[in-house]
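Chain nomenclature is as follows: A, B, C, D, E, F, G and H, assigned in order of appearance, with residue numbering initiated at 1 for each chain independently.
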Amino acid sequence: MSDKYIDIDFAKLDIERQKRRGCSETVFCESKTSEQLIKIFTVLKNQGQNVIGTRASLEQAQAVKKIFADVSYNTEGRVLTLVQNQQELVGEVAICTGGTGDIPVAEEAAAVAKFFGSNVKKYYDMGVAGIHRLFDKIEDIRKANVIIAVAGMEGALGGIIAGLVDVPVIAVPTSVGYGSSFNGLSALLTMLNSCAEGLTVVNIDNGFNAGYSASQINKLIVKGK
Amino acid sequence: MSDKYIDIDFAKLDIERQKRRGCSETVFCESKTSEQLIKIFTVLKNQGQNVIGTRASLEQAQAVKKIFADVSYNTEGRVLTLVQNQQELVGEVAICTGGTGDIPVAEEAAAVAKFFGSNVKKYYDMGVAGIHRLFDKIEDIRKANVIIAVAGMEGALGGIIAGLVDVPVIAVPTSVGYGSSFNGLSALLTMLNSCAEGLTVVNIDNGFNAGYSASQINKLIVKGK
Amino acid sequence: MSDKYIDIDFAKLDIERQKRRGCSETVFCESKTSEQLIKIFTVLKNQGQNVIGTRASLEQAQAVKKIFADVSYNTEGRVLTLVQNQQELVGEVAICTGGTGDIPVAEEAAAVAKFFGSNVKKYYDMGVAGIHRLFDKIEDIRKANVIIAVAGMEGALGGIIAGLVDVPVIAVPTSVGYGSSFNGLSALLTMLNSCAEGLTVVNIDNGFNAGYSASQINKLIVKGK
Amino acid sequence: MSDKYIDIDFAKLDIERQKRRGCSETVFCESKTSEQLIKIFTVLKNQGQNVIGTRASLEQAQAVKKIFADVSYNTEGRVLTLVQNQQELVGEVAICTGGTGDIPVAEEAAAVAKFFGSNVKKYYDMGVAGIHRLFDKIEDIRKANVIIAVAGMEGALGGIIAGLVDVPVIAVPTSVGYGSSFNGLSALLTMLNSCAEGLTVVNIDNGFNAGYSASQINKLIVKGK
Amino acid sequence: MSDKYIDIDFAKLDIERQKRRGCSETVFCESKTSEQLIKIFTVLKNQGQNVIGTRASLEQAQAVKKIFADVSYNTEGRVLTLVQNQQELVGEVAICTGGTGDIPVAEEAAAVAKFFGSNVKKYYDMGVAGIHRLFDKIEDIRKANVIIAVAGMEGALGGIIAGLVDVPVIAVPTSVGYGSSFNGLSALLTMLNSCAEGLTVVNIDNGFNAGYSASQINKLIVKGK
Amino acid sequence: MSDKYIDIDFAKLDIERQKRRGCSETVFCESKTSEQLIKIFTVLKNQGQNVIGTRASLEQAQAVKKIFADVSYNTEGRVLTLVQNQQELVGEVAICTGGTGDIPVAEEAAAVAKFFGSNVKKYYDMGVAGIHRLFDKIEDIRKANVIIAVAGMEGALGGIIAGLVDVPVIAVPTSVGYGSSFNGLSALLTMLNSCAEGLTVVNIDNGFNAGYSASQINKLIVKGK
Amino acid sequence: MSDKYIDIDFAKLDIERQKRRGCSETVFCESKTSEQLIKIFTVLKNQGQNVIGTRASLEQAQAVKKIFADVSYNTEGRVLTLVQNQQELVGEVAICTGGTGDIPVAEEAAAVAKFFGSNVKKYYDMGVAGIHRLFDKIEDIRKANVIIAVAGMEGALGGIIAGLVDVPVIAVPTSVGYGSSFNGLSALLTMLNSCAEGLTVVNIDNGFNAGYSASQINKLIVKGK
Amino acid sequence: MSDKYIDIDFAKLDIERQKRRGCSETVFCESKTSEQLIKIFTVLKNQGQNVIGTRASLEQAQAVKKIFADVSYNTEGRVLTLVQNQQELVGEVAICTGGTGDIPVAEEAAAVAKFFGSNVKKYYDMGVAGIHRLFDKIEDIRKANVIIAVAGMEGALGGIIAGLVDVPVIAVPTSVGYGSSFNGLSALLTMLNSCAEGLTVVNIDNGFNAGYSASQINKLIVKGK
């Protein structure tokens, strides 16, 4: 056995990541059985680490909570967290959505950003079809160190916001929509082709990586490197 | 020979269209030789019709103008027109572009809308990365009966405008951009997936159909049916 | 709280839209819970607005109707409407479909066009495989101010009609079909590439926007601007 | 050396095909040097076969004609033929195009159908934007044993014709168009998704296979099997 | 009411098709309710026509058979037929499949070809991974007037057969496969790109059109035009 | 009946394959009924062959095991095997996965490689996000004659390994992932575009062919040709 | 004239951007004439701003330099800069490439990052096929505040680096490659699907936005907000 | 400077690869200047290594040969080689092509396989449209240790061969074809979806990797591991 990871047959848990990357390994729950999840949570808890699992179904959450009473589950964002070492939240990440349907992805981003140590403020349903809603809030949004823009369908929100602020914007396309939205492809391409500087993009529905990246940048801005 | 069209071997000119559709047939120049164009202009002119050709190269334009001194050529929009029966221009079509690179498509739309009888006002370089430029002009734009929004790359302009006005907006995606713009696909999908009501879309770079459709609607609004 | 929208946490209802755009905000039901829908209907009703919800499931419809007895539900078109201020219907929008499978999208367009104030006439199953059915009706169809053409599979209907009339035609591709129809992509491309002037296109299965846009143009033709 | 093919290093000429398939091997000129073409024509001529080469450039044609005075070249269809054994032309294949730009592909189909023994009648520029041109000719077209429909852009022509006749229709999508025609993809999908029975499809711009298949069916209808 | 079609609100039944195209209209069952199907069968039966419905579910079949005892249902091919006027079967259509999974599509083609008057012979599981199975049967297959090749995954069967025979081959790609078969796209492209002359293609899983087209050609070969 | 295959109506079992290709035919269970599977297992067993079925559901496995007590089923890899002639396992195939979700495909590859005569060693969860796990094991992995790399999402594992070893690496993209992984397309393209020499690729989720190919190469290395 | 932008007919220069976004507007040269560029540089220079133009051809660069002697041109990165107000460079952005072909995009990123105020260190040809080159440099790379990873073909570099560091990584896919790299699509998908947290992505070949975003984050880390 | 690679600014030459992978680094010439190539050849030659460059243009080849007289250039395969240490050729790799147009890719594979130590035998123009040409040669082809199948258009050749032999087959799709071949996509998908076991695939037009991989396997079969 290595001192860098723990080999539990179906997985090799990267316990050195805390040191190497400044955070523990995140558990992607979607393709794992509840038994596998419990095993992983057990090992990581025993290492004294905070544990986070994303894309956890309600059924998985209930199975894990039966074993670990101190696990909490964000139903909308489908995020499981077990916090052993309370961390102070710093700075601010603003999370905006285009519509109501984008909220689950935004909630995942929010839960992740908080787990990794950032304050979060939410601005939901700011879609460009009624853009005065965005302008009404833009002064508040500008106060954040990093902004996450979550949008499906046409996906224009990220570019609009990036054109109005002087901090990094991370755009998350969602699979909300129908027809030629092609499960998020339309929003993804819109975001990649935005002319607004300072906008970077993550995978469709990947609230996790948006939350992680925004939190990482936010903390570096607050604490320096 | 039919009284509905004239058969000139490589083409069958739809001379009845004036009556049936309220406009003469438009000549798509791109896949025709200069000789074919001259033949078509000759026949349609002899029918006493106004003639319009789109996507005409400079070389084609020069060849046609050598024969017909009264033909004029819009260099940016690549439109050839021969007007025998002057038509009064009515109403107003507003044509907006996202960037400078979209101007050729906008010019095609403008030339076509005028040829078919509409006044045109142009608002260029209104891209969403500096959206105050749009807000500065929106009161003027709102005065038009129909709006054409021409944009490449992310293509968000059409949806933004449609969310701010109460008249029809016709969106034209352009092939301006690079990488994942995929020659206009990104802008096309953005426009099709806009949540803003009243936005309809034409083919990538199809300034012609945008100009025609906008002019058709504009004239119906002015004159009734 | 703004006087332009009402913030109910998961949504920001655009109550100024009536003034800005001449119509109230439409509720996209697909990604909302019944509780959210009821909340939205309550707020908008209290504002004295007419309310329309699209893509409402039967279950959602029943939940909303339990609270608001005066809501009506179009089962085929899946449209929920609550009309407090009766509006006179003007002009005429013709709605044509290629086949029987396209009817739900056509019904959505019809319900929306009526809600926003237009008379509607329906011409179903006019597919180009038996084109005499279309020719038999074309004189009637020509009387409309705007025509909506709804078709899946090859999607040629819109271009055929546009080639025969002198009013705007809005084409709606549908996801009806199989194999290389690729869930409506084939019909969408057909419509975008039509050579018939005056044809504009909306998203696959987007009966809502077709109905809205057609009604908007129809009313402008009848009433002027 | 086999008696079924002749091995000339860079190619293995299928001389048995005449017996096995009722026709000699066709030479696809596009990826061959003029030297290779001359070598192939020499071998096949020495076998006493008629020879046909498709997608031959003018330069290739001139190089081959310098050697074989009896070769003829169809400039529009880019087809090279060397006929040693005159064949009686039978039956009739009708070839229709949507527009003028589709003529080169139609000419390839025509040259090939004639080479393999069929009479050909041409009906060009029958596009659905002016569908009366098609109806004017349909009685003539119906007399053919097989119909080839060549069209780019929306590509609806094949389905319209197939819905009006009782003989097989072979549809050839062309790469004519721009924007979302995606080099013929739009027309290809339209044709594959047609609801009209009796329509089959070949590759984009593949006038050769359309001409071959139509001629094969035409001859079987005339002569039986 | 027209004497060319019967208008039953949700459908316009093309009763003139028998005269115009030599066959009655085929009913595409997939997007229709059982009530609609029964209505259509009733009308067409009353017209004295033979009736055929494709893509009929077992449930639809049972509903229709409850009303019309003389309807028969091909379970594998999901084809419903009601034959009032017995037709003599002529000639021969050979139907080959690549694998066992392609049989439902082949059965649809077979049922349709027979309904429209052709004898059918079946050759199943001839996939190119064990190509001696095909060579063992090729002499028999060659006797047919037309051959249908049904294959998913790589879809090479059609091209192989066309290279070995002197009659038309109609290729049907199927959605059998996984991964990069992309629901039949791989087989479709293979077939469209085949170098074998005489191969034409229909939509993915479209056994109906393959059966119809093959039967049409077969009958023309047997009976002449 | 041929001595090369056995014709059981819905299938033609390629019994000569053992001689021709050095292995019996593999049964693709996915599109077959349990009755068909039992029939096939019966025939092949009676031929004295070892039998293997892939993509067998639990239900299919239970049906077959009811008849053949000596059949065994790999639940994760969904592989059914019936071994009548025990074969000595030789050499070594190493099977690596990027994540836990890739294990079912890896298990299919492992079961197949063993069935065809190779020793297998497994290295799971070696994903590039914690690449020290791979480096920790690379000396062991290098001992194998052939390596299989199974990975979804970004799919970089295959290229990384191939850059570190001097034996062939077979990459299997999996459909694990979401959003722009497009069901394995992303991993497939990554693997095809790897700059690392010696990496070849099979279809998405095709553990079977990876296992077969690796075993074939491994045995040739051990035994020579 | 507005005090927020200067309208020069073909463009509306966003002079307020300096205040609003902390940087001047960047000029995208690709679709502009040299005359237009000179006009834009003149106006912005007169505003006392630093000016930067991207994707400038050599010809454009020479035309502009003829007018403004103090403009400098980065030939590999195709970036034109005119610096009137010298800015101190702070912090550090590391720019890594997969191969030699990715250098032009990296150079664009480097020139942009410097123009906007960041120190840059370059690490070229670190491709994963010889991953020891990366490990040899990783300690140096880790010292940067932000890392840009530029890679075409398989595009795995970004994910590998992000898995080894604790700062943000911005991945730029390039169009370097051939075949199924599909002009950068393969690398784009690889990067979007990376499991490594902290990796965000920009458009294919968009060195500009990578340089801008990295510089923006770098400066915020150094200076705080 | 590392003893594992030599850093020459624009490239880091992986000189340890010989030891680690059993072969020197291959130079991808396409995106390099002649000056860069000469520098790389100089360094690697000075290391005493054999050097190979792929996708070298004639112009690049001439520039390099001017400096190194002992470099040789394969014009069709566009491969540059400088051999300082003659290697004995062992075993046999068979290289088959579908058509004449595939020969350049086959020649690249051949040159590479020889450079890395394998005997090569070529079988060109074996396309499946005249499959007897393949059967005529199959006994010879079977004698090879590894087979490379190079084919564009439908790309069926690889699967056909793999179904007939008991050695590994590496399939190379080529971009030869037109229309829906989509620059090699059709052939790529055909090959990935083949049912024939033992077939693995490389990138479109990647003769290099096919030659390398085949040679690697061939040498392992001959020499063991």
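By our rule, contacts are C-beta pairs under 8 Å (C-beta built on N, C-alpha and C of every residue); 3 or more make two chains touch, one makes a residue touch a chain.
Please read these numbers as outputs of a predicted model, since none were measured by experiment.
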| said: Give me the step distance from chain A to chain F, shortest route via touching chains only. | reply: 1
| What pair in G-H, A-F or E-H shares over half of its contact pairs, by residue number, with C-D? | E-H
| field | CA centroid of chain F to CA centroid of chain H, Å | value | 26
| request: Provide the C-alpha centroid distance between chain D and chain G, rounded to the nearest whole angstrom. | output: 51
| Between chain B and chain G, what's the gap in Å when you average each chain's C-alpha atoms? | 36
| How many angstrom between the C-alpha centroids of chain D and chain A? | 57
| task | Would you give the residues of chain E that are in contact with at least 2 other chains, written as numbers and ranges? | result | 28, 99, 129-130, 163-164, 179-181, 185, 188, 192-193, 195, 197, 203-204
| Chains grouped in pairs wherever the two touch, ordered by label | A-B, A-C, A-F, A-G, B-C, B-D, B-G, C-D, C-E, D-E, D-H, E-F, E-H, F-G, F-H, G-H
| said: Please output the residues of chain H touching chain G within their complex, sorted ascending. | reply: 2, 4-5, 9-12, 14, 16-17, 25, 28, 30-32, 36, 173, 175, 183-185, 188, 203-206
| query | Mind pulling up the chain A residues that touch chain G in the complex? | reply | 20-23, 26, 28, 145, 163-168, 170, 188, 192-193, 195, 197-204, 208-209, 212-213, 216-217, 220-222, 224-225
| field | Contacting residues of chain G [partner chain H, same complex] | value | 99-101, 103, 124-126, 129-130, 132-133, 136, 176, 178-181
| chain D-touching residues of chain C, taken from the complex the two chains share | 98-99, 127-131, 153-156, 159-160, 162-164, 177, 179-182, 185-187, 189-197
